[in-house]
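One chain, chain A, links the two complexes that follow: it is found with chain B in the first and with chain C in the second.
Up next is the complex of A and B:
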């Protein structure tokens, strides 16, 4: 009796030993995995920490200081100063307005063009190439032509005057200025967004569309009930890319109109740039931090929305 | 009554067809049909009529589709023209002589505030002359540009020397990081990845201030390194490549691991080749993005000699308009050549980035 008990005890001991060894091995492998993948990440992480995160922390610090030379702690004074600044408010509203109009418009137009090209039209790939072309054109080299088109003595005015006898206006200094910039934005980004949508449309299983057709779903119903479902993650992605690009419109605005453009074109970037020029660091850093927080909220919201609405099409 | 009945039957039939496609078969029950009481002749006549009607409908529908297609093509052609016009005119204008340019476009600059130092903008009522064909095709602009203005070549070289290291460096750094993000997905890494995404979305003016501060501290302000280093570590391509690498089927990687491949081997022999088109696409996108940069050099390079071509072009004024178009065209050419060369990769790479 005691012998068998002994045996069982030994067996248990052995088992425990093996388990322990297994666990240790497992932990070791986990550590190794962590080490290897951290090593792959290291160059990028080091650079990002050094060039983005560390300076952002420094920024956070200066945003609470009186000025770059005077390191007195002033609490939220700088933030209050920036948030009550009229230029900052106007600039934020302009930037926001542009993004709110431009991003959905870029999505819808690109989707329409993609649907058009995908409807079995001849020459699809040629049109795709041509529409993708503007993306590759550097802003600086096209600015001159925009100048020719939209200035007071420009081509658009000439046409409008001869066709409809409309008085000339200086487009970039009128209430239409944002529309002009919007046109440039769409011109540049339509192709890229369209290619994304074309890919997503091609990715919809043909059988699904076919059986919907058989079941008597019309084109509109097919679009909203089926295609939209498959497109939702692409719409999210296009939205993010357009948002990034909508901030880059500053280049066009800057190259066309310089440091102090017409009121409705005064973007947040102008504000930051000009604060830079005056070396107003505390203002600058609190402005940057505010922008940062707003961006985080927007992105967080977008990701939340995607997880909520786009998550159900895992293949 | 009959109509309602027929509707019901039709619906049931449709349901059955749907089920049949899902391999569920049900029996069709017999129903009253109008043909039960028809004689053969009547039936024939009926079918003849119906066939004719159907043919008519089809023909009409065909015409309609053709018209719609025509409209579609017309719209597409219109869009294509709109897309190409600005590029086309830049090239056309680059072959005009300087004098002709001044005649045609001089008036444009009159309404710009930089026109005359004291008077500001003037609004004379003139209109630009937009010509499809130059009066005389000459290479005068290009000659002046390439042989008589060394600054232009210097700035061109500045652009190249900044863009090429950024593109290559960023691709190396971010493909490594992307591999790590794609393969090692723990909670903390996902949070880090999310912060990368946020960094990617930050407009330049937010990251520019930190960039400026750190380059000041590292004493690289006003050198090319101030542009190149932050460029190399920018997280944009990391985001896209990660998205791409996560699409590699895990079975490939498992199989390689079972065969005893190291992570490095998996990276170089599976991950990189699978993402080839994405990497090329990324290279093209990065190239155009940095070839285009205006904000960073404006702030980070105080020396006028070091400015890239993009900034130089933006400062062209009335006096230099004679060569401006050629300068623009030459600036555009590398980007367009790269586009022509890598369009397939670009399209494929972009396409895959958006698909989950």
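Up next is the complex of A and C:
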């Protein structure tokens, strides 16, 4: 072999050695990164596992047991019992009805108010503060206010009687009950949703809007073709939060009307709260799992919609 | 990054799968077998000794005994009473009343035989004075006798004395004035945990005040000064005193503003107020000290106190005592392997003889004689057993060869009584009951609950097949009951949809007590129109219930009396004629009544102000002497209802069998025992037993005593009109009232019971109708709507 060939061979070997060392170093660095990553993530992960997944598994287990004290496996008996229970069905329908009406209304109204405040009107910050105030009011005060207004001998009935000579309406024990709760829900959550939309509107690149204007796009076209796309992730987030808050309205309803309210206000949480009070944990667990599955489907749909409509927005 | 994501996802999935596997592996079948007693299970043999005097009650107006004591290896009981008085005695100015007084100390041996009877009176009496013995307490081998001596006509000062009685010789060895000022009269003395606790009353300056003194061997150790420690005039009356251990005592007192509990240091006499929680803790257990070791006793048994901990010493499940008697008794002796409890017999008041004192001698056994018996778990829905129930369990355990009943305790929270509204007070009580019903419901459904439940009658939510057995099959079976021996109309009234979920043991009757001459023989109750006429015409417009109660409470009771009308075929039935009639009747005819607990209501009967009708709860013959203006013409009518049904039963004691019990045969035997004549005699003086023979015996005994007292009154020349006798709680001889009373029992046709959740909804909604704010249709719609939700939810 000639000298030059030997030298080339040596060079090749050296190169291979260097590459090998580089790969080893790269692997070590990666391992270090994983280690740091895991160390930072572990407390949260442990918390989620311990306080979320583990209870969920225990809930699942209880839903297949005869009761919390009798661990006999009963298959899907508890689910059948819950799904065929008229009270559960009524509660589900009421909860769904409320969510279907309240959530879109909360989104649309909040968006409209945000657009209004973003249009450069005077006193914007004052209006924003006013609209945020309901968030800070304690639940007990809200309940008291609503009782004063909407009880049978309350302020609203007084106004209706004196101004319009309308007979008293039992707001919380009639078909109007859901309207009252809807008003309470909107009143309470409007400010928070509005603030989220305001922030999202401020994040829309001005040059995109300007160039659309220059291209001759009108305000409606600009809103639906450009702003809505940029707002899609916020709408998604506000939708999820409103959906969650629509379930939390049970708290106020319970304080207003007790364990067994008028049937239009009887929500899933009433059913489960009463099951909890009666220590019927297997019924409670089955109901909760069913509700969980429905929520997963709804949220999954929202994720899908968000991915479809918001996916073309450049990050 | 992708690689890390994969690793993280796999780890999460593996964790969840592992977790699920662990969780589901916990599912398993529950053991179906009942607990069986083993040979080496702890047991204390129980010897029950009765200490009963031999006084001929025909010679005595009254004989009572004081707290029994243990003195050495003997028992000593002070008997107080009075012999019958004659007219000649009353008319004799020089008559010595001391000769009438019974002040004996009877000494019993360990077997309950009378060793000697010591006449104290003759040894301490002073000429021209009358001596009243308050109590005796142990003082080594002697007895310390506390007595008060004074003028028989009540003129001049009374003097407090202490004397020492030698038990062996039966002689008073020493007499001296007590170190207690004569202005403080000794009212009561009890030996509690080593100290003589002396309650004194002071009547000076027109005021009555109480104080406590602590003594040992007749020497005063300390005195309380409530004015200084609690506040001037705060303590008006001392009801009872308990030992709290470590030389501390708790006194339950009454003040101007209600009950006050006070903790007292026996050595110093200093006292301080206790909050309600501390008081509740202190009075639940009885403290005693033996050889420097402190013991506590309550319904669970005897425990040794070791610092902050209490160790089981003799659980009452491991011996056979009447738990009611024992837990209210006194621990008088404790060794490593034995204990002696002295208690009062809880047997029903027998008017013709002195109730015996019971001594339980408990001795540790080498093996459990009940080995092989299956355990029946018994729970009391009210948190405690009645006299009859406790005795029934004791007798069952003594006699049944196959089963042994053990008591399971359910903690029941205290009712919040801090309210001045009677309706709110009622609601608070119902909340506590509902909470207990929930606990029991879950346990019964899971099979972990008691086998036998006492008191399920008041827990309406439990009365269905999911929780309790239908007893009609047992009653009619081979091992059933002879219904001819029982008030079967009451048993039938207790059925729900044709099923009997509890066997009633004792009950009271509830209704309107009226003059039978005003009604047809066939009328047993009131329809709404009839009641309206009765109030307007016979009662002069004064509705009887709302003179002492509220409209809402009356409405609830009328609803409870017709409870079978409100839920039919698993549906709420408020949109019905019955409910409309009920609600309309109350709105238009019943006044608001008394709602405040603060209002002074005179619960007694003013015989000069006769009413045409009185709301009456009749549980025994003596109740009729309190309520009865009508003599033998009395009749108990049912509360107003759509169908004019008869009076209702308020079930006091009942027994049920869990639907999930593994020892149903044994449980039924226990039910039969608790409903038997011998056991129900324990309750017959206070409540009507379901067993006819037990009730008849009670009536006979009461009338014999009644006749004896009437004869004595006659002999003494006292006024004898029916009204005069009624004021003294007596019936005329050969009165037709006992027959009328028995006839009343035969007309009982319903039971006062309700579903608490639905009852709460109805009373919440109907108030707006009564106030005229809403029309009836609207209210009924709402009630129907909400009540149906309750029913649907439970399915």
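FYI, the second predicted complex is superposed on the first by the 286 of 315 C-alpha atoms of A that agree within 3 Å, B and C clash if a C-alpha of one lies under 4 Å from a C-alpha of the other, contacts with A are read in each partner's own complex, and residues count from 1 in each chain.
What we mean here is this: contacts are C-beta pairs under 8 Å (C-beta built on N, C-alpha and C of every residue); 3 or more make two chains touch, one makes a residue touch a chain.
This one's a predicted model, so the numbers in the text were calculated from it and none came from an experiment.
Novice: For A:60 in the superposed arrangement: first (chain B), second (chain C), both or neither?
Specialist: second
Novice: When the two structures are overlaid on chain A, which partner does A:90 contact: first (chain B), second (chain C), both, or neither?
Specialist: After superposition on chain A, A:90 lies in contact with chain C alone.
Novice: On the superposed three-chain arrangement, identify whether chain B or chain C touches more chain A residues.
Specialist: B
Novice: Quick one: is A:261 in contact with chain B, with chain C, with both, or with neither? Answer first, second, both or neither.
Specialist: second
Novice: Based on the superposed arrangement, let me know which partner A:153 touches: chain B (first), chain C (second), both, or neither?
Specialist: both
Novice: With both complexes superposed on chain A, which partner does A:14 reach: first (chain B), second (chain C), both or neither?
Specialist: neither
Novice: So, A:37: does it touch chain B (first), chain C (second), both, or neither?
Specialist: both
Novice: I'd like to know which partner A:175 touches here: chain B for first, chain C for second, both or neither.
Specialist: Neither partner.
Novice: Is A:273 in contact with chain B, with chain C, with both, or with neither (first, second, both, neither)?
Specialist: Touch status of A:273: first partner only.
Novice: Scan A:225 for contacts with chain B and chain C and give back first, second, both or neither.
Specialist: A:225: touches no partner chain.
Novice: Starting from the residues of chain A touching chain B, keep only those that also touch chain C in the other complex, and list them.
Specialist: Shared contact residues on chain A (touching chain B in one complex, chain C in the other): 34, 37, 53-54, 58, 152-153, 168, 170, 258.
Novice: Which stretch or stretches of chain A touch chain B in the complex?
Specialist: Of all residues in chain A, those touching chain B are 33-34, 36-38, 40-41, 43-45, 47-48, 50-56, 58-59, 113, 116-117, 119-123, 127-149, 151-155, 157-158, 161, 168, 170, 187, 190-192, 195-200, 202-203, 211, 214-216, 233-234, 237-238, 240, 243-244, 247-248, 250-251, 254-255, 258, 268-269, 272-273, 276, 284-285, 288, 291-292, 295-296, 299, 303, 313-315.
Novice: Inside the complex, what are the residues of chain A that reach chain C?
Specialist: Touching chain C: residues 34, 37, 49, 53-54, 57-58, 60-61, 64-73, 85-87, 90, 152-153, 168, 170, 173, 258-263, 266, 271, 274-275, 277-280 of chain A.
Novice: Touching residues of chain C toward chain A in the complex: what are they?
Specialist: Contact set of chain C toward chain A: 4, 15-16, 19-20, 23-24, 26-30, 438-439, 441-443, 445-448, 757, 761, 764, 768, 773-774, 778, 782, 785-790, 792-793, 795.
Novice: Note which residues of chain B are touching chain A in the complex, please.
Specialist: Going through chain B, the ones touching chain A are 14, 17-18, 21, 69, 72-73, 75-76, 79-80, 82-84, 86-87, 89-90, 105, 107-114, 121, 123-128, 130, 172-174, 176-177, 179-181, 183-184, 189, 192, 194-214, 229-230, 232-233, 235, 238, 263, 267, 284, 288, 291-292, 294-295, 298-299, 309-311, 313-314, 316, 324-325, 327-329, 331-332, 335-336, 338-339, 343, 346-347, 350-356.
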